[in-house]
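Dropping the structures in below, format is structure tokens.
What follows is chain A paired twice: with chain B in the first complex and chain C in the second.
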Partner chain A sequence: MATTAAPAGGARSGAGPEWGGFEENIQGGGSAVIDMENMDDTSGSSFEDMGELHQRLREEEVDADAAAAEEEDGDFLGMKGFKGQLSRQVADQMWQAGKRQASRAFSLYANIDILRPYFDVEPAQVRSRLLESMIPIKMVNFPQKIAGELYGPLMLVFTLVAILLHGMKTSDTIIREGTLMGTAIGTCFGYWLGVSSFIYFLAYLCNAQITMLQMLALLGYGLFGHCIVLFITYNIHLHALFYLFWLLVGGLSTLRMVAVLVSRTVGPTQRLLLCGTLAALHMLFLLYLHFAYHKVVEGILDTLEGPDIPPMQRVPRDIPAALPAARLSAAVLNATAKAVAVTLQSH
Partner chain B sequence: MRSHIREFDSSTLNESVQNTIMRDLKAVGKKFMHVLYPRKSNTLLRDWDLWGPLILCVTLALMLQRSSIDSEKDGGPQFAEVFVIVWFGAVTITLNSKLLGGNISFFQSLCVLGYCILPLTVAMLVCRLVLLAEPGPINFMVRLFVVIVMFAWSIVASTAFLADSQPPNRKALAIYPVFLFYFVISWMILTFTPQ
Partner chain C sequence: LELGINFDHIWQKTLTVLHPLKVADGSIMNETDLAGPMVFCLAFGATLLLAGKIQFGYVYGISAIGCLGMFCLLNLMSMTGVSFGCVASVLGYCLLPMILLSSFAVIFSLQGMVGIILTAGIIGWCSFSASKIFISALAMEGQQLLVAYPCALLYGVFALISIF
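So, the complex of A and B:
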């Protein structure tokens, strides 16, 4: 707590007008949050009220503090005034710089407070939402609820990063000019944020009733299916199993998202455009993640243990020849899959 | 005058460098003991430091480094990768616990998470020793056993320190990322093979 106290203390002893501007900023952010949340019927508005109350109380306290500090400050400068203008200016500059830094540090903590309502969940809620993400709903006549919450999606994305890292390591993926870690994080967060904002943009064009927060939550929970499928198929190398899971588990989670989007969109063309794009992106992403970091090891295994090559022949000559060939074909496949995914994501 | 000197002595300005270093090392060692025997204690939380986590993280990263510098096979864990995973992971867990409403400061949480890597660093040491022996399924089973035990130890130790700072109904949510974090590190340790 010692670290939080220091910047806060610095900001408190700051003068009035600066603080007022800062305060308005925070309030503005708060009201924006409430606006976003108002569309959502499951938001915890009581939490925000508490936050605002807390903020106001703190404001009063700070005003009192600031008045006391200014008095002391005046005495201090008055005494120094005998020694000339220079020291006063230097002190003033240092004071300004310190205040700016302190308010910046404090705004970081204030931002955490702004984000906090999105993490206001219970374990049971997260569990039920994870299960619900695999159960498509039938009723599309009235808008379905989407909980605006970010804990579940964020944790699912981190889980996906870990699973992807595991897949990359077991398949001996080599990435030039980059680390596996960075690639995994970039892929997962890029997909989550990129596709969410793209679909949100499409939803705006198609006049669908959805906010960015809800879109992030919807797509984030949709990644639960991906996590299950990838975790199983990175460890059990079986093509038929992957396709079965891809259709069943991936399909169910996609269907859920599509059903929710359909219930919030009006008009068949808009529904088709929005849901077709989302379904295609979501399913192809799973396909890409599986084959991009799995095909390499499969290709090598096929050449080494393929039934049509007699074991006697391949021992001295074929392995050095076959290995680069397999790697090349796998690399080509990998590159094609990546290019397809990139074009799909960017469109 | 005498009282003045005594006052001067009690400050750390006047003492020899050796004393200062020994005192800090003792503090770090005491915290290591707290991790090895996790009990309900606030030592790790009250006076946090980042020396222990730094030492552990660097040791782990150095041991996970492969000896060969082969550009073809650079899929193995590298120093920077381990370093980034440890610090990025710890910062993420800390932010998450703050967002969930935990009353723990940023550096306290970093300190606890960093010190609780100690069992995994020990596991890495054991694994490197075991890997000197003949490779085979028994070798792997031994490493698997050691890593699982040390993984559980890390989880137990970190939750013993961190769980109290969370609201009681949300402990599971705060512990899941901790679990993921240590799981990734222990999995890296288990799959490590020197070239």
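So, the complex of A and C:
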């Protein structure tokens, strides 16, 4: 750092006699301090140092010209004006340094162009991948191909958000802390990103051959089944229908993901661990999405009934706890009848 | 013209939105003008107000986030980039049919079967026009459906505000 400071100092004095005065001044140490601070952020290669150097030389020339114009006023005002000039120059340099650092960080982290190749798809491809996500392939002897794209999964997550919002609105869900939109987005993106990362971590432990991008794509397309089930069952409130779809459609998409993972993992314990976790999380998420926003409907219906209901009919709330089929069918009929009554009332 | 508001262009863009089958001219999006979209957003909020829903905040919030999302997506999907102003302008213009929907909601409730069909039709109309303009301005042939779907999601959220 000392070596690079010296040429900068030399260049400074070369920029004009006005700058030389600073180094003789006691406060000249201030400019050297700034110099070091500027040097601090060149943590990269020497290219960056040279680039920084050239840029700073150019800036200092511009500054020197501006300072020359101001210097005359400063001299006119005497010593007080001189110190004012210095503080202004110091502030200016701090601002420039900060701005440079911020723009470099921004161009590094906000460069979304790295994601560009994952969005290069055609409608036919997306359509075929959507349909394939529901078809489990039995061939597990060698690794199955996973399309590494992000357009489909991203759109499916957003679709799930929209369906959730629709479901929340139709069931009049009231979120106490936070907003409806925030909850929906948080739930869906949290599931997609969180479970993908978790399964990727498990895959790393179990020595499975899958990259993070592929895991994101796989889980994203697995949400297609969830979208279908929720779209249908948020509009037709039949519990038996939901369980049927949960097993069929949810099961199909889970089986597909499991088959892909099994084809990429070696060893029975690892396969069991990985696929068991994924299957459990995927199926439970669908269950959660359905019942988290469905109970509210039943709560409202219960309060609308009044005191003259036989205790049997209070059962609907306990359905998730898996009760005998007789009560289930009675409750299902009740729930549908009540839902119809409520919709008729509200019109 | 002193204000930079070119009425002829605004009228042309409005017509492009209103005739979904009319082929869009790629060059009309060259100057981004936000005067038209601002007026449409205000009109949308006003029609919602007439229906008794004071939700200006939601409208602006969702339009801001939606524009940002579409901006990122279109930049990733197109060969040439696109500016934020252009995206905001196109999405704002294509909000015009949604104003028809919310003004319909002032008088009739949208929660029956008629409402659902009408809503679906209007969302389709908005997203079809928006994707048509984007495709012609960014020269992305064959990807109209891929651009139309996120627009449909965005306008669907707007429609949700109108209905509930």
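What we mean here is this: the second predicted complex is superposed on the first by the 193 of 347 C-alpha atoms of A that agree within 3 Å, B and C clash if a C-alpha of one lies under 4 Å from a C-alpha of the other, contacts with A are read in each partner's own complex, and residues count from 1 in each chain.
Convention: contacts are C-beta pairs under 8 Å (C-beta built on N, C-alpha and C of every residue); 3 or more make two chains touch, one makes a residue touch a chain.
Here the structure is a predicted model, which means the values were calculated and not measured.
With chain A as the common reference, the superposed partners chain B and chain C clash.
Number of chain A residues touched is higher for B, counting chain B against chain C. When the shared chain is aligned, no partner comes close enough to touch A:Leu193: not chain B, not chain C. Applying the stated contact rule after C-alpha superposition, one finds that A:Leu247 touches neither chain B nor chain C. Applying the stated contact rule after C-alpha superposition, one finds that A:Tyr151 touches each of chain B and chain C. With both structures placed on the common chain, the touch criterion links A:Arg116 to chain B and to chain C.
In the superposition on chain A, A:Leu238 makes contact with neither chain B nor chain C. By the touch criterion defined above, A:Ala162 lies against chain B and chain C together after alignment on the C-alpha atoms of chain A.
Chain A residues in contact with chain B (one complex) as well as with chain C (other complex) are 112, 115-116, 119-123, 126, 151, 155, 158-159, 162, 165-166, 169, 181.
Residues 112-113, 115-116, 119-123, 126, 151, 155, 158-159, 162, 165-166, 169-170, 181, 346-347 of chain A are the ones that touch chain C when the two sit in their complex. By the touch rule above, chain B contacts chain A in their complex via residues 72-75, 78, 80-81, 84-85, 92, 95-96, 98-101, 105-107, 169-170, 172-173, 176-177, 180, 183-184, 187, 191. Partner chain B is touched in their complex by these residues of chain A: 1-4, 112, 115-116, 118-123, 126, 151, 154-155, 158-159, 162, 165-166, 168-169, 172-174, 179-181.
Partner chain A is touched in their complex by these residues of chain C: 62, 72-73, 75-77, 109, 111-112, 142-143, 145-146, 149-150, 153, 156-157, 160, 163-164.
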